[in-house]
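After the structure tokens below, expect a handful of questions from me.
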Amino acid sequence: MVVVMGPEATEADIAAVVSIVETAGGEAFVSRGVSRTIVGLVGDVEQFGSLNLRRMNGVRDVIRISAPYKLVSRENHPDRSVVRVGGVPIGPGTMTLIAGPCAVETPDQTLRAAQMAKAAGATLLRGGAFKPRTSPYAFQGLGEQGLKILADVRAETGLPVVTEVVDAHDVELVASYADMLQIGTRNAQNFSLLQAVGEAGKPVLLKRGMSGTIEEWLMAAEYIAQRGNLDIVLCERGIRTFEKATRNTLDISAVPVAQRLSHLPVIVDPSHSGGRRDLVLPLTRAAIAVGADGVIVDVHPHPETALCDGAQALVDGDVRELARLVRELPPVFGRSLTQAPDALAMG
Amino acid sequence: MVVVMGPEATEADIAAVVSIVETAGGEAFVSRGVSRTIVGLVGDVEQFGSLNLRRMNGVRDVIRISAPYKLVSRENHPDRSVVRVGGVPIGPGTMTLIAGPCAVETPDQTLRAAQMAKAAGATLLRGGAFKPRTSPYAFQGLGEQGLKILADVRAETGLPVVTEVVDAHDVELVASYADMLQIGTRNAQNFSLLQAVGEAGKPVLLKRGMSGTIEEWLMAAEYIAQRGNLDIVLCERGIRTFEKATRNTLDISAVPVAQRLSHLPVIVDPSHSGGRRDLVLPLTRAAIAVGADGVIVDVHPHPETALCDGAQALVDGDVRELARLVRELPPVFGRSLTQAPDALAMG
Amino acid sequence: MVVVMGPEATEADIAAVVSIVETAGGEAFVSRGVSRTIVGLVGDVEQFGSLNLRRMNGVRDVIRISAPYKLVSRENHPDRSVVRVGGVPIGPGTMTLIAGPCAVETPDQTLRAAQMAKAAGATLLRGGAFKPRTSPYAFQGLGEQGLKILADVRAETGLPVVTEVVDAHDVELVASYADMLQIGTRNAQNFSLLQAVGEAGKPVLLKRGMSGTIEEWLMAAEYIAQRGNLDIVLCERGIRTFEKATRNTLDISAVPVAQRLSHLPVIVDPSHSGGRRDLVLPLTRAAIAVGADGVIVDVHPHPETALCDGAQALVDGDVRELARLVRELPPVFGRSLTQAPDALAMG
Amino acid sequence: MVVVMGPEATEADIAAVVSIVETAGGEAFVSRGVSRTIVGLVGDVEQFGSLNLRRMNGVRDVIRISAPYKLVSRENHPDRSVVRVGGVPIGPGTMTLIAGPCAVETPDQTLRAAQMAKAAGATLLRGGAFKPRTSPYAFQGLGEQGLKILADVRAETGLPVVTEVVDAHDVELVASYADMLQIGTRNAQNFSLLQAVGEAGKPVLLKRGMSGTIEEWLMAAEYIAQRGNLDIVLCERGIRTFEKATRNTLDISAVPVAQRLSHLPVIVDPSHSGGRRDLVLPLTRAAIAVGADGVIVDVHPHPETALCDGAQALVDGDVRELARLVRELPPVFGRSLTQAPDALAMG
């Protein structure tokens, strides 16, 4: 941490900063320039944060210079991690496709979507039983009934299940059915929920908040990690900007940036980023090319009657092209499409 | 709702749209132009939403023309509402000051902050016992112990208490101590929590999401209202933009816009908007001048050692100016500073 | 400037940084911590900028700690400036109203708008002869004919003229008619134009870029100042954000922030910020309350047929309320409405 | 265009809208619903725009339903265009690499950068002689001397030259040296400049404004096209958002979206988007994968002493990897790297 003194700061002001830092158990190094003085701090940064140095006389600015997250940082963990979900790896070397319906509606719709997913090369099934919707009048998901449908479809297809949880109170229930718990964009700073999934003993898919910085995203992951769970996969799903031609703006640069800052795998959701079916395949290509560890896409057997986000779901006619894409493109970048684990394939 | 057909749409495409709308129980009016045709829909908009008209052949765009919120809308409720909190009104005609520490730290700090608040003219006490913090390593609040401190300070000062709840599971507990439940910016789309406070039987202070549109903010209020609670006060607290000179960008225009769209009271948080003590008084003046029904500010007896957001808290030396401001400015705009209810003043 | 070395930096890396800084004529102070070292630089910051220190081995970050603008900064010029336009002051102590039509359309329309402006208490007339329009098919202004109309209306009403210039090549022409040159938001980083108006010998009204930071706005002012012209008035006119309920988001906090960083006067444009007539008066009140040195508003005798931005212009029925507002509100904040200079009033 | 009447609109209000539209030469179709009426307009939209329908009694909203640009739209020109620059094609079927130094500094630096560009597979040379810089104290480019250096290097290497013009007054001069004129992000709404390059008889590289919507970008292109020049290449270079980990946020989705709306070629600038050398290659891969018609990158023989944007330039060590990438990746997506035209190769 660096404290920048203003040009008007007195020697007493500088001494006061040094004193308060040393009292807090830190060390302070003073560098005097012609017009300004800066004080470098060494020690427990969280503790310095509570000193409110910014309020002291003569202080112009306080600048943080180390990452505020520790467990998910790559600084102390240079090798990139692999997270396994029901035996399926997500991480460097592979490209994992997760696919399924946005929302679970009926057993038949879910099974057919899962078959589409499998045909496309997916090794994990996505599908929402609890849906956070902007309108209280919109379909909110089937709840536990939806979880049971997902479990049935897993038994039928062998695909482990990724599903969202929206309330700390539901974590245990959802974890009893799911192979991976998804935290959605609207809950990216729902800290109670992050802590609850941190204790649930299941891998977590953590979507970036729609207005969350990359640093806040990693801090959210740190909340989960701090409860003892490091099986976290980060998911870039578009951020909110002034541009309205797309539902969100896919921040494709966030993939390499997050991979450099954190050892956790990073995947991309091209369906929710663009919000348009015609953008899903181009954005999937971009995600794989930029180095994402996986892609999660919406598919639906009858998108014209989907109860949620039908406008962005891929349809039967797209599956063949998606399958070709995820098979042929990863090898160009030194990766291979993740294969279903044998044990599950027999399920 | 209006369906805009593309120039390439055939008569069959248009007929298909009309047919699906009529099947869903709506009416469709076709207007043919030289290069385009538009179809106006009348009926249950939520149901049309699930038709995925946007996916039909020949459809270029689907445009919603009525507000998606009903209970909080001013369309069917032209008079602006007054919400009462422990007997203190918030609404047209008055200007209510809510003040207190960002976080409850100790009984003494809370009492002294409440005395500062009262001296400034506040009739409601704010203070957080459950604090949502970006870092898991930062102070997270005292929990129920903090609620007890707030209750004690209420008994001592007569100020009803506004405090945040961050988890649906805690709503009953917090409601047993608080006079008003606050939903923070990070939970503005935590729909489980919104529903839970909608059933708690206490007024709600609903902060706007830091990246929430005004429409989304009103939809969040609709979630609460739908559970039977219309005692909702909206709070503009700054939105996230590219500008980093302030912590957030206070969207001052949102006050008159929200007041025009909804009958609910709208207040402003100048402390969290700017994130800087030197901006609190100027932004308070702007808030009152623009027509806000109230203002909520952070005060702290010792901001230099505050455990949360000390840099933005007003100090003893600011109280006199704040008091003058909230007493003298509202009458210029036809409002008066809310007075403490007698019953409570005697408490 | 502070150079933050990474944990992996060697002594040789640190020595290299020190050496390159000293070679460039600066001084470098090294502070060693447990896990990191920081190097404080003193000297010519612009020159250090070209050293590309960020690219050197072991360097993690380079942080600038002094303002990159000098002439417009308040650091070396603590008193706030007054800019005079045709004898009319803009600055501390006064509140100046600038009003007129968005675009000059006809002599009659301009005269009537000027009379509305005067009736409202304006002492300066705004009106565009050169209009930057997003569409090449929209009305682009009358050009020199519009300037002549403005000069005629000035002669008739005594109101000095503020008008936009959009091309460096036109600066001389516009300056020969206008009392103040306006730089619009789309030209906030048109550096050729900024330099040209810096040399034109007339005061400048500099609108903030719609996506410009406060720092970039002050840098744009520095471009003008560097050519010898310090008669610059800054104008906050709303920034571009995700919120679409208003045309732009008025950044009301930018007024006190810019006044603290720069000695230049700062005014507000409530018409272009909100883009809605119903927001003009509330935002004008907020602007005066926050401490703006002036306000610039669109008025039009027949907004329903205006060729530009009719939806945001005040009409006859609003003038009385605006007049009352700008007369009664500034004294509440220790300012008085600027009066027309006698000499001009007789013109 | 669709006019949405409010629930309070009377028959007279509706009749007034129909009347004003018909008077302006348009047609109006009225659709009456249970709670609302909508009026569809057919005719000259620009003219309707000046009617200010939004201000009429009973009107709630006015919605535009056709693209405001015509010449650059794909509606009337379904085949995607190829733009030729000094014989080098940019468009569908090919992937064109443009490379060179951000700024021309010396003959030697420019020649060496051009040789790096050529080694990487570039067929066009970029390089700025006129540099728009945020600070007036930063290097502003060599001007005509820089243009001469570019011409000499073209003679030596055979690479046609792309260079920026920042002032309408300089267009003729720059066009006399350059093969393609570049409009930078800060001038994306400098309409005088757009019109001037529209008349210059040279292809134009049009960067997107850093806060420009895709629609505004296409409107800027329309300004150029309207002056008779349809040889326009669109360049996505990142937009301004709240995220500060990268210099700008590359809006990768804008590539397919713009290609769907317009017949013009669309390329990507990964150097200015990310602002970091380590992101250039990943973003180049994403750009090619998403379907960009070309990529423009900064290269510099000595980035550590570059006078402009050294932190984002590729260096000698990156050239081999870039060369491999642009040769091997386009064929995966049905494109081939553009080859240098023979005539020029001999130049």
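By written order: A, B, C and D. Residues from 1 in each chain.
Everything below uses one rule, namely that contacts are C-beta pairs under 8 Å (C-beta built on N, C-alpha and C of every residue); 3 or more make two chains touch, one makes a residue touch a chain.
The structure presented is a predicted model; accordingly, all values stated were derived computationally and were not measured.
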Comparison of A-D and B-D by number of C-beta pairs in contact, larger one: A-D
Farthest-lying chain, centroid of Cα atoms versus that of subunit B: D
Intercentroid distance (Cα basis), subunit D paired with subunit A, Å: 32
Distance from subunit B to subunit A - Cα centre to Cα centre, in angstrom: 27
Between subunit D and subunit B, distance of the C-alpha-averaged centres to the nearest whole Å: 40
Where subunit D touches two or more other chains, by residue: 211, 240-242, 244
Complex interface listing, subunit B residues touching subunit C: 211, 213-215, 239, 241-246, 249-257, 260, 273-274, 278-279, 282-283, 285-291, 328-329, 332-333
Of subunit D, residues touching subunit C in the complex: 46, 49-52, 54-56, 68-69, 132-140, 166-169, 186-187, 189-192, 195, 209-211, 216, 219, 222-223, 226, 240, 277, 303-307, 310-311
Residue ranges of subunit D touching subunit B (in the complex, touch as defined): 2, 4, 7, 27, 29-36, 38, 40-43, 60-61, 63, 65-66, 75, 240-242, 244
